[in-house]
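Order as written gives the chain letters A, B, C and D; numbering starts at 1 within each chain.
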Amino acid sequence: MEVNTDKKAEPSGDIPETVGRDDEERLAREAMAVRLHAYAPYSHFFVGAALLGSDGKIYTGCNIENASYPAGICAERSAFASAVSAGCRRFLAIAIAGGPEDKDRASGRTAVLPECPPCGICRQFMREFCGNRFPVILVTSEKQFRTVTLGTLLPDSFGPDVLSL
Amino acid sequence: MEVNTDKKAEPSGDIPETVGRDDEERLAREAMAVRLHAYAPYSHFFVGAALLGSDGKIYTGCNIENASYPAGICAERSAFASAVSAGCRRFLAIAIAGGPEDKDRASGRTAVLPECPPCGICRQFMREFCGNRFPVILVTSEKQFRTVTLGTLLPDSFGPDVLSL
Amino acid sequence: MEVNTDKKAEPSGDIPETVGRDDEERLAREAMAVRLHAYAPYSHFFVGAALLGSDGKIYTGCNIENASYPAGICAERSAFASAVSAGCRRFLAIAIAGGPEDKDRASGRTAVLPECPPCGICRQFMREFCGNRFPVILVTSEKQFRTVTLGTLLPDSFGPDVLSL
Amino acid sequence: MEVNTDKKAEPSGDIPETVGRDDEERLAREAMAVRLHAYAPYSHFFVGAALLGSDGKIYTGCNIENASYPAGICAERSAFASAVSAGCRRFLAIAIAGGPEDKDRASGRTAVLPECPPCGICRQFMREFCGNRFPVILVTSEKQFRTVTLGTLLPDSFGPDVLSL
């Protein structure tokens, strides 16, 4: 088992690897698929996220709600939790797919969704591990998405550097 | 891919399956192991959790901190996030191992730790999926642990039933 | 302005002051009243909390929800936030009143509510400042309530002592 | 007691009132002052926030940490919790002052601080009540600050409109 280095994560957005159209489509598909696992009995809003690690693996997550709403976890953080727990701390891109629960679940994977931008908590969570150029892929269908960067979504961030006491 | 049922989770603590000594030891070992993946540059407190699903799989998680402390995720919820995202919603037991970062990382797996009870957030999170008899295994070493139940840790809980509006 | 002492809070539950029936009724009334300020457009579940500081003041709070559910704050933590921000860190008791939004708002203060126990997050939050004997008053009407203790609600807690690295 | 309207908050950033230099300086002073009440025994990072309501009142808050780091509350949300609990839901501006704990507490109010931008959780929390033009005043001393807008800090936000199912 890999032993971590205890250093604060280096922003992976600054690493040279790029994500091609193939990777983007793969992430979009995975985000659409894991979305169907969402546990969202309160909001009925289903979200899935697929995170590409620098190890080449895709880590997926869905939103998980709680009767005490603030105790829930969003899809993006679920995906990061899987990755970090598996020992991966450098990331190349994340895809997010979200929208109202499908009336017909069978159609879930082929639905056309609205863009679902990450909430502020998840932007903050990503910032710990990812740099300004980290691509956030807003998925509307398996073939349609728009890519923005974390730096655009969370400018002037409260990152690890702020705490250098 | 399994499609969820949209119903609120039935407390898995009420299911008949029991967890034997072998399972407990396996969970203790896994919790000790994943603990070394903790991202805890702020607290230097490393926690690992291993969750046994009714599908027979073990889902693991570690704590993941953030410069904005409230944005972090505990080990227990990391493990549940992995499980639910994988489509598992019924659970047989969880093991938790936590303690100060080891001076000598190589010794991490053989350390003797203090008992690390789950925080209130994680008890609340578990409550959504687990019943009162759900076993929470507090690990102090791979062979030593004490098992309590969720009902003991979170009596008079604010569970899904409270929200039946 | 009082300057804090930077020490970890001493559990106020261990201080000798007791709370009489008059105080309990006053807290119950205040919890019922502030409950009507709840911002709960998603759950339609309205909660109010009234917290008695050792300075003799009552600090009140309601739940405040967010489109990203995990970003919301419960009533109990709202009350504590007001108190701590005002410089108070020792507490004698908290009353909690919660239930579905009233169809007829005018009747909000005279409603008979179900018992609304604090969620695990709030138990954890209280634990930082309050000891095992801290009274938690579960309000069902201005005159009816049941008092439990924090120690009962959160046994084997993950408190500040656990982090003594 | 004012009865709330149960409608989702209208973004207060769209209201015509403007905040003048006097108000900004007053908010900066209040943020610096309440900062000294921070309960931050884990990060030793002290933050204060002062929030101007459309009712003309200033609501203040400090950060409140917890042994379980994710259970803590930031200064900005503390200030909003006080305001909403008091029945105020429309806001004109917020000032934020944060930095390492002062070696000499007496000098706390005259310190020159680094800019402390709100974390992603707090941006998300504000978004529920405030519009894109809502001014966020980043305070470095009682007389020095820089004002940005919420829309700049949280573009493409996951706001209440996304959940219109």
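Everything below uses one rule, namely that a contact is a pair of C-beta atoms (placed from the backbone, for glycine too) under 8 Å apart; a residue touches a chain by one contact, two chains touch by 3 or more.
Remember, predicted model here, so these are calculated numbers, not experimental data.
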item: Those chains which touch chain C and also touch chain B; value: A, D
item: Pair of chains joined by more contacts [C-beta pairs], A-C or A-D; value: A-D
item: Length of the line joining the C-alpha centres of chain A and chain C, rounded to whole Å; value: 34
item: Geometric centre distance via CA averages, chain D-chain C, whole Å; value: 22
item: Centroid spacing, where centroids are CA-atom means, of chain A and chain D in whole angstrom; value: 27
item: Set of chain B residues in contact with two or more other chains; value: 42-43, 65, 67-68, 71, 73, 119-121, 124-125, 127, 158, 162-163
item: Interface residues, chain D side, partner chain C - complex; value: 1-4, 6-9, 33-34, 36-39, 41-42, 60-62, 64-68, 71, 73, 75, 77-82, 84-87, 89, 101, 105-106, 108, 121, 124-125, 127-128, 158-160, 162-163
item: Touching residues on chain B, where the partner in the complex is chain C; value: 43-45, 100, 114-125, 127, 138, 148, 152-158, 162-163, 165
item: Of chain B, residues touching chain D in the complex; value: 42-43, 65, 67-74, 119-121
